[in-house]
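I am attaching a structure below and will ask some questions about it afterwards.
Chain IDs A, B, C, D and E follow the sequence of writing; residue 1 opens each chain.
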């Protein structure tokens, strides 16, 4: 598309962000009106999305300049040469995604899922996490019945005893834990290098034309991370309306995610610096390898392509 | 009619009272009512409940209106002219069975993420039933009725306007009723992308956080407005075609 | 009472010429030859009455003239040119089964053709009122067609066609559902209109007396497949004064003619 | 008809040729064809393409069949008896405008995650249009036609079976055509849960990974089978109601 | 030719008793009083012929007897009990407008009532064939109703009702669309059936001669609102032999009666 030129009406740049309702810094910034107050010379438009597919489409239609999608989607998007780059990690998935199994299912560890029915939302980060975990433990995924379900449906099937477990996120995870046990979480997997994250992307076009805007954007997100760390209570208070849950729940959900500030993201472990891209490129490539086994993509690009798809220059705050 | 409403309510009450299914899926009437009053007072995510409802109804009405003024004439023409039918039918028959999901992407690419693509989706949903009804209506018009019009000097257009069209009205109304129901069911799908208002979006958004009480409020509101829209259409039908079932 | 010899009327220009027309209905179950070898000349301004047994093809012939069906053989000429296979306002049709529009009231039904021709509302109203008056339905202007009795529907259909002032009027048993008195009035009306406007009228009836009282050119069809078995020319209709039709019925000459035709049909 | 197919193909070709939108969203005909042949040979995730298609059609047929044999009789009865209508209509009018999403969870609670809940969803989608058509059909039957039957000695049931039902057939067929299209559009929604086969699931799964070429193969297949089903219905219609437009 | 005094027939049991019946149609536009103060006794086995101007309420009266409408005032008794307000097979109706079922062929239309009564197929076929033969449609057994001419539809409707053997036959201008000869045959047929089966027949017609040739009890209604202006009892129908109806027409007595009735209607 070529509609990406954000029209500079009254000298202001229009910056259109596609966000998703996930308790991370961006949502916190929205909740505390940081975008309106802190952006200089920029009009921010926030559009809510439900799925990565729609974010991709909207970006291709030139309707948004930046957006949030899961790392699996980034891996396949890069493989398909979508014209965007990673500029920020909204959150690294931690305890908020986990494999939970029924208390009476007899599953004590991951090895026990053989022959059981496990539900997961196909195409999501949990799908990748689950299959990677199986692979890590050397379990043949064909020996497990893996079912494709959305969280709400998974919960229904769970309550009716139609599945033995599911790899899922909050708040469904919270409901399932009430009569289930957690076997493994994405935080555990992250430690084994199986990294999943909610990723901030921006169109290459916008990156080229308005680096200053993105710099401000990242700065605001960074500040939001800071404010969260300094006062979790205030943050939870602001966030509860966005999530439409109680303050306690809001605090809990936020806690499950791994929040990273700009400095941490610029480290080797994550995005790195423009000169030396971090390990996240490798994580994306790993994800792409997995996707290929799922027939989701036809070829896996080399590591270089993934490194090129990371634009960490905005993390450098001056 | 009230008896069946009461029965449904009782069933609902019993199911939740006896805890057959978890409250996570089926909130009790009391909890739903509480959510409703709360939404009335505080709105949902920045907009009042009424705003959400009207916003959806607004999109729906526009889509329905445009579908009506395009589908019915096109359907009538298609029913009348084999050539037009041969050209239009394949397109219609092709897109008709497709799930909204499959062409919503295209709509977004063309119409953006604003109201236009949402309205377009609803439009497409409402179009097909009315078109089919109009085509079928025309084919059901007594041949001699058309003959009578032309031999009274009506030209093709006039025969259409003054004879074929009114003859098809009963079927068109059935089509309209089906269409509005159908468009309504795609409301959620249409408000899935880049929406922050609308009753469909409210239901969808609440579902992600398992707020079944809010979901139920939204669903019941959708159901009730659906009933009302249908009733209005039926009232109009009775007014407009008093001759139905007569000759 | 004037004596009335049945004789050929002065030959005027031929308006409709039917040459060797035949029509066969093809259905999935059977093939029905409704008309065979019809040859007929209809003079401008004549009042053609068609008689014949039930199912002999009278309606079929009328529908060919109206442009609803096309003859499967032969040709039909109007003013020496092949007749248009599309119905038009110059050939007004009163159907055997009523074809009023239930969504219009009687007034609007009768004014339908005028409205189609964009006759100004005021003029239209005058014409409509005139014809409603004529068929005795002024009181039922605002009624819907389904609120009328059988005979009233028939009269409304006749008014609708006459109000539209077609050049040729095709009527399929228009007075079939009328009582004797109303029928007589309607006969007077149609005869008067015919005399005044010199329309050509093609009129199907089962009533031999009616045919004699109205027709200048009476055609008798044989039973299926319909062929013309008798053509009679008469100038009686020119002579009948308004309201005097009944007087002729007991005229011995008339009775003779009537019995003659009946015996042709019966044979 | 072929001309419009050709035009669509040309448009498609041009759009991709001129690169108006990225290949990721609108694959070229060539790429789609390649995906098709690949799917034909290798299948999709463990099942052949034909299997996916037949699996969906199987669920669809079952749902459609049961909807037909319940919706039509109930609709006819509702059209006939004000009491039955008063009892049924509110339920129908209520669920009709609801998005499948909103009650799919309930269906899973009741029918589990197997084929049953999927068929139930399709059933509900197909039910409404046929019911409405039947109700409207009955109301359009000439009063005297019913009188004629009863005075020939037909009892209520016989009047129904032998007079009202055939009189409504034209409208019922329109309803059937709308219903099958509608059920088809909910195919994807129905195969969203715990499916690993079905053409709807294939489209959905491919969409998650932006495999638009595979999506297009699925969508085109759905479109074509939709057209075929509609054609079959229309063929049957012509056979069953040759009197349509006659008296 | 037998002379025939018109006199009261032997009083038999009253089958239908109409007391002070009135009916008013209420539409959104107007209120039409179709019938007023109708008092009538119909004897078992009588052949009632109803005459009256178009729109006077004949069909309305028939529809009340059939159970299609309910009188807005007065009461109707059948065998001294209030008449069932629901149509049933004992009161067969030939409608003014054809009500054949287009999805059935003629044979099945005629056999409809028999099928409803579960008459075995073989017997049913015999009865159907008999009545189709009678109305001259044997050849059109397999045709659809929309493939018949107007008169053929009417005959099929008559056959359908007669085949069902109702106790009371209600006929609304059944012979209106028939030519003279077919009509005469049909009159003979219906008279024969009436004589053989002692059915009670309620027969609306516009043809005064027909009423005289068929009716033992002739009722003349005034124009709207319909009131009974004349009741005539006759035993002529008992005397007429098959195929001899036409002979009576020129009988001076008959002609006198005819003119008498016509003058009543016309006044």
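Here is the rule we use: a contact is a pair of C-beta atoms (placed from the backbone, for glycine too) under 8 Å apart; a residue touches a chain by one contact, two chains touch by 3 or more.
Labels paired with UniProt names: B, D = Taurine ABC transporter permease; C, E = ABC transporter ATP-binding protein.
All values derive from a computational prediction rather than experimental measurement.
S.K.: Suppose you hop from chain A to any chain it touches, then on again the same way; how many hops at least until you reach chain D?
M.R.: Minimum number of steps from chain A to chain D: 1.
S.K.: Count the smallest number of chain-to-chain hops linking chain A with chain E, moving only between touching chains.
M.R.: Shortest path length, in steps: 2.
S.K.: By that same contact rule, can you tell me which chains touch chain A and chain C alike?
M.R.: B
S.K.: Can you tell me which chain pair comes out on top for contact count?
M.R.: Per-pair contact counts point to B-D as the maximum.
S.K.: For chain B and chain C, what's the span in angstrom between their mean Cα positions?
M.R.: Averaging C-alpha atoms per chain gives centres 50 Å apart.
S.K.: Provide the C-alpha centroid distance between chain A and chain B, rounded to the nearest whole angstrom.
M.R.: Taking the average C-alpha coordinate of chain A and of chain B, the gap between them is 36 Å.
S.K.: Between chain B and chain D, what distance separates the C-alpha centroids? Give it in angstrom.
M.R.: A distance of 16 Å separates the two centres.
S.K.: If you average the CA atoms of chain C and of chain E, how far apart do the two points sit, in angstrom?
M.R.: 28
S.K.: Where in chain A do residues touch at least two different other chains?
M.R.: In chain A, the residues touching two or more other chains are 1, 53, 57, 60-61, 152, 156, 159.
S.K.: Provide the list of chain C residues touching at least two other chains, using ranges where the numbers run on.
M.R.: 97, 144
S.K.: Going by the touch rule set out above, which residues of chain B reach two or more other chains?
M.R.: Chain B, residues with two or more chain partners: 21, 25, 105, 109, 142-144, 204, 207, 242, 246-247.
S.K.: Check the chains against each other and report every pair that touches.
M.R.: All touching pairs, sorted by chain label, are A-B, A-D, B-C, B-D, C-E, D-E.
S.K.: Give the list of chain C residues in touch with chain E in this complex.
M.R.: Within the complex, chain C contacts chain E at residues 25, 27, 29-30, 32, 51-55, 58-59, 96-98, 105, 142-144, 147-152, 155, 172-173, 176-183, 206-208, 262, 265-266.
S.K.: Which residues, counting only chain B, touch chain D once they are in their complex?
M.R.: It comes out as residues 1, 3-5, 8, 21, 25-26, 86-91, 93-103, 105-106, 109, 128-129, 132-133, 136, 139-144, 170-171, 173-175, 177-178, 180-182, 184-189, 200, 203-204, 207, 215, 218-219, 222-227, 229-231, 244-247.
S.K.: Going by the contact rule at the top, pick out the chain D residues touching chain A in the complex.
M.R.: 21-22, 24-25, 44-45, 104-105, 108-109, 112-113, 192-196, 201, 205, 207-211
S.K.: Sort out for me which residues of chain B touch chain C in the complex.
M.R.: 142-145, 147-155, 158, 162-163, 166, 169, 241-243, 246-247
S.K.: Where on chain C is chain B touching in the complex?
M.R.: For chain C paired with chain B, touching residues are 66-68, 86-89, 91-93, 95, 97, 99, 101-103, 112-113, 115-117, 144-146, 160-161, 164, 166.
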